[in-house]
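Next come two complexes, and both contain subunit A; in the first it sits with subunit B, in the second with subunit C.
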Partner chain A sequence: MTLTDWTVVLPVALALGGTALCAVFWWRPVIQSAIGIVITLLMLVSAGVLVCTVATEGPQTMAMSGWPGPFGIVFAVDLLGAGLAFVTALVGLLILIYNFGDQSSDYRRVGYTPLLLAMLAGVSGAFLTGDIFNLYVWFEVLIIGSFGLLILGGKKAQLDGAIKYATLNLLATTFFLIATGLLYGLTGTLNMADLASKVAAVDNRALVNVVAALYLLAFGMKAAAFPLFFWLPASYHTPKPGVSAVFAGLLTKVGVYALYRVFTLIFPASDTIFADLLIWIAGATILAGGLGAIAQTDIRRLVAFTVVGGIGYMLVGLALQSPLALTGGLFYIFHSMLISTALFLAVGIAGRLGGSYDIAKLGGLYRARPAFAMMFLVVLFAVAGVPPFSGFWPKVVLVQASLAADAPWLAGVILVGGFLTLVAVARAFAAAFWDNGEEEPPRATHYGDRVGALMLPTLVIIGLSVLMGLAAEPVVQLAGQAAAGLSDPSAYIEAVLGGSE
Partner chain B sequence: MEPILAVVVGILFAITVFLFLSRSYVRIILGIFLLSNATHLLIFTMGGLTLEVPPLIPPGATVPTEAIANPLPQALILTAIVISFALFAFLLVLTYRAYQALHTVDVDEMRDAEPLVEEDGA
Partner chain C sequence: MNSLILRTVVPLLVSIMLVFSIFVLLRGHSLPGGGFIGGLIAASSLALYMIASGSQAVRKALVLHPMSIGGLGLLFAVFSGVPSYFSDVPYLTGLWYEPEFFHISLIATPVLFDLGVYLVVVGSITAIALALEEWH
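Our next item is the complex of A and B:
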């Protein structure tokens, strides 16, 4: 057991420790915020170290209590998991900084920071574990954290949204558990690396397909893929922006990550009947997100639909399964985790300035706050995938991959989806920021005392987005390396099982 | 034994689906509770049933000398029971709070998060 073994579990251990520490200071929200910021900083550093280790030395593992895989529970990290854990820590840190700037009372409720840290523990655990039942446990950890965050404040709409969110998410994790139970009965193992070869050797392909279908259903629900996305726009807009932002940035991506992991390692889509189905789901999700966004008048619901549309692009990468498509899909995941967060934060600031989230009532924000309007426009462009922002390159890669896979209609859907998103966000910007002639100027135009902390997270993400857009080559290379690890998981499998033979 | 349990699991799933089709949210959460119990039973059955052989290795041996019961499914179920129990408790409290705030548990009337367009132009 070396020091690098410990970095594998450190992000999760830090988040859990932070949760416990916050519980000690239960009635001291200020101390809790400070703990949260220190913990997420440490998580960021440890995940950064982990990314560097994995990028140079290949997948890393740590077996709980020294029981080697496939017998014990193993944490196994490849470049994809490490990169996602890194972005998770970054999003957590930025959200806590935003909440420091947003002084409305809901954030100073005592439960906020511990629940957020518990959720980050669940999300990081899901990205780092190498055991499918353990993955289920992390899913439950993250949803119990998210339930708490969603109802913090206890408004009517929140309770209503929480009921739908909780029901569907519980249903999804129960399907996940059913599938895992069946899979264990079929193969006698729960270790994902071990499952890769054991599932391929199962003779009863019909039952394997049933299990794969259950996983597709469970993770598709989590990821808000078509046609199971309705819970997302029904609930994501109800809590405070600081909560919506972390949900949009992290939670659906855990579902997408689980799909990527399960449908490359355990059930390679080419081996099952689901490759074609995934392509249809991906295309329909893109269009549903785009069309849904155009139809909205509440700006928070509008951006919730753009999150749904983004899921579609990630699924295109998974559905086509070529290294090029996987590269594009993974690039899009990293882009979307950051930019969805920024989008909800920017919307939060807009709602705060305008006193409403209804785009018809906002009107004229540009006159009141031109600099903020420019920042908002940049975030919208980044979401719609306009160059030079980070959303552009993964879409180019995905279009290329669709054409290479002889699916020109899919390339068309990607382009139409991008166009719909652009129309939706341009319409929202025009209505909310330009004068509409009749309405009075916005009521509240105060940022509060801590403008810096309010703006910093969005500005950091915009900076990263521009950086990823202008210097796309290294990002594409990293995503390509992670995609290669998915297409050919032998290094991952050897890292997990190598010691046990 | 397995066929009987398989049928029981099937019946429980069927009841769950029936409860999910209800408009009353209370019935829906009862359905969720039943579904998780059906799932535990399913894992138990899928793990293979072995009667009256404890999962113990005789003294001195490093591997079991004869067939033993598989303890892993029970460990999985124990984990799942604890989790589903906690989440069910949360859902009950959430339902009660929602009933206090919204004055209904009819899912058709729970439209606070997504107001209908015709009603208030939102």
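Our next item is the complex of A and C:
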């Protein structure tokens, strides 16, 4: 057990330790932010080492307390889990830097950093664990953290959004728990690698399908897939931008990750009746996101709908299940985690400058802040998937995969969805940045003292997006390697069950 | 609550309950009990003290902010996995060290973990109780 082996568990242990340290310094928000930045930096390093190890040596595991799988709780990390944990740490770090810059915000409130770190612990734990009940526990951890973050500040609109968010999420976790109970009753195991073979051997296929349907419902709700996405635009715009950005970047993707894991490893969609259903859900989610975005007048709700649309593209990859489609879907997950974060941060800055989030009231920002307007435009292009940004290539791969799977209508939906997003964001940009606004209201066009910290996260993400777009080859290769691990999970199963003897 | 009987009895009760909570915490090593139950007993003794003498008395008695106590507990729990690194075993593996008292080694990672759970429960439950008491 070298330190490299320990990177399997380090991101979670570090985040939990950071939460604890922040709680010890409960009334010292400045110390808490410092702890947060150090902890997320360490998480980033350990997750980075983990990605390198997994990419070269294959899936890594660690059996907690030395109780081997399938009996104990095993952390099992393949390339997908490691990559997601890495991006999680990166998003956490960037959010904390942004918060340092945004002095008007609630982040200086006690409780922000510990809740954020607790949420990061839950998200990383969900990505790294190899046990389905443990996955449920990490879901609970991240939900508790997110509840706290959502109502921090205690405004009426926040409580209203939090109730919608909490109700649907509690419902989803309950379905998750019921499904897991049924699955345990059917197979007698909770280890995901062990479940892969045990579920395939169950005779009662009808009950297996019921369990799979419950998982689809639970994770679909979490991921904000059609038709269960209404809670997302209803709640994500209520908290401060630093909170909505981390929600948009990480939380729905945990649901998507769980769908990818469960419907490739435990219930391969090709074996069940859900492959067709998933394709329809994916298509409907793309269109619902695009159409919803066009209809909005609040810029925060608009970008929340683009997040919903993005979920659709990821589900296309899962629904088609071909290695090509999975590659596209995984690439899109990584792209979307980064860009959704940048988008919400940029919207937050725009709201600060314009003093409102209403598209009609913003107006004239281009004249006041041309450099920021250009940055915002770049983020919007990246979201819409315009080359050379990172959103372009996964869509190309997904269109290719749809055509290869003999589903030209799905390719059409992907293109129409991209077009709708482009129209929505172009309209928002034209109204918020070029128009003169209603009657030149007095604006707080100041960034505050810490412009650098305010802008840096968005600029870093734009840089990464351009890099991923221009040098797409290595990213596609990595996503392809992760996709191969999903379509043929034998290496993963071997690492969990074979390595424990 | 301003009751002479309660105020007279409570200090005695609180001290007995606190000792009992530590007994339950340590007993959990091999018998039913442990950090969670022990923590609840300790937190209820503090709640009783709060009912008798008010929230300020509890805050004064605790010295640290209740959330800090909970944080320390979580920190203990996280760190109880660290010695396994030096023994070359997976995270959180139970390790027992010399010397032993009555055939039980008190210097052990499971004890540290349980102590962490105890403090988390004491800290968080007391913080909630104090917040409810001080709500206006």
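Simple rule for what comes next: the second predicted complex is superposed on the first by the 488 of 501 C-alpha atoms of A that agree within 3 Å, B and C clash if a C-alpha of one lies under 4 Å from a C-alpha of the other, contacts with A are read in each partner's own complex, and residues count from 1 in each chain.
The rule is short, and it goes like this: a contact is a pair of C-beta atoms (placed from the backbone, for glycine too) under 8 Å apart; a residue touches a chain by one contact, two chains touch by 3 or more.
All of these numbers come straight from a predicted model, not from anything done at the bench.
> Would you mind checking whether subunit B and subunit C clash or fit side by side on subunit A after the superposition?
Partners fit side by side after overlay.
> Quick one: is A:140 in contact with subunit B, with subunit C, with both, or with neither? Answer first, second, both or neither.
Only subunit B; A:140 stays clear of subunit C.
> Counting only touches as set out at the top, which of subunit B and subunit C does A:298 meet: first, second, both, neither?
It touches subunit B, and subunit C stays clear.
> Quick one: classify A:170 as touching subunit B (first), subunit C (second), both or neither.
After superposition on chain A, A:170 lies in contact with subunit B alone.
> Quick check on the superposed pair: does A:6 touch subunit B, subunit C, both, or neither? Answer first, second, both or neither.
second
> Roughly what angle, nearest 10 degrees, sits at the C-alpha centre of subunit A between those of subunit B and subunit C?
The three centres form an angle at subunit A of 50 degrees.
> In the overlaid three-chain picture, which partner chain does A:63 touch, first (subunit B) or second (subunit C), both, or neither?
second
> Does the superposition put A:79 against subunit B (first), subunit C (second), both, or neither?
Neither partner.
> Aligned on chain A, what is the least Cα gap between subunit B and subunit C? Give it in whole Å.
Minimum over all C-alpha pairs of subunit B and subunit C: 10 Å.
> For subunit A, which residues are in contact with subunit C within the complex?
1, 3, 6, 9, 13, 16-17, 19-27, 62-66, 114
> Under the stated contact criterion, what part of subunit A meets subunit B in this complex?
133, 136-137, 140, 143-144, 147, 151, 154, 156-164, 166-167, 170-171, 174, 177-178, 180-182, 184-185, 233-235, 237-238, 297-298, 358
> What does subunit C use to touch subunit A in their complex?
Interface residues on subunit C, with respect to subunit A: 65, 67-68, 70-75, 77-79, 81, 84-85, 88-94, 123.
> What part of subunit B is in contact with subunit A in the complex they form?
25, 28-29, 32, 35-36, 39, 42-43, 45-48, 72-73, 76, 79-80, 83-84, 86-87, 90-91, 94-95, 97-98, 101-102, 110-114, 122
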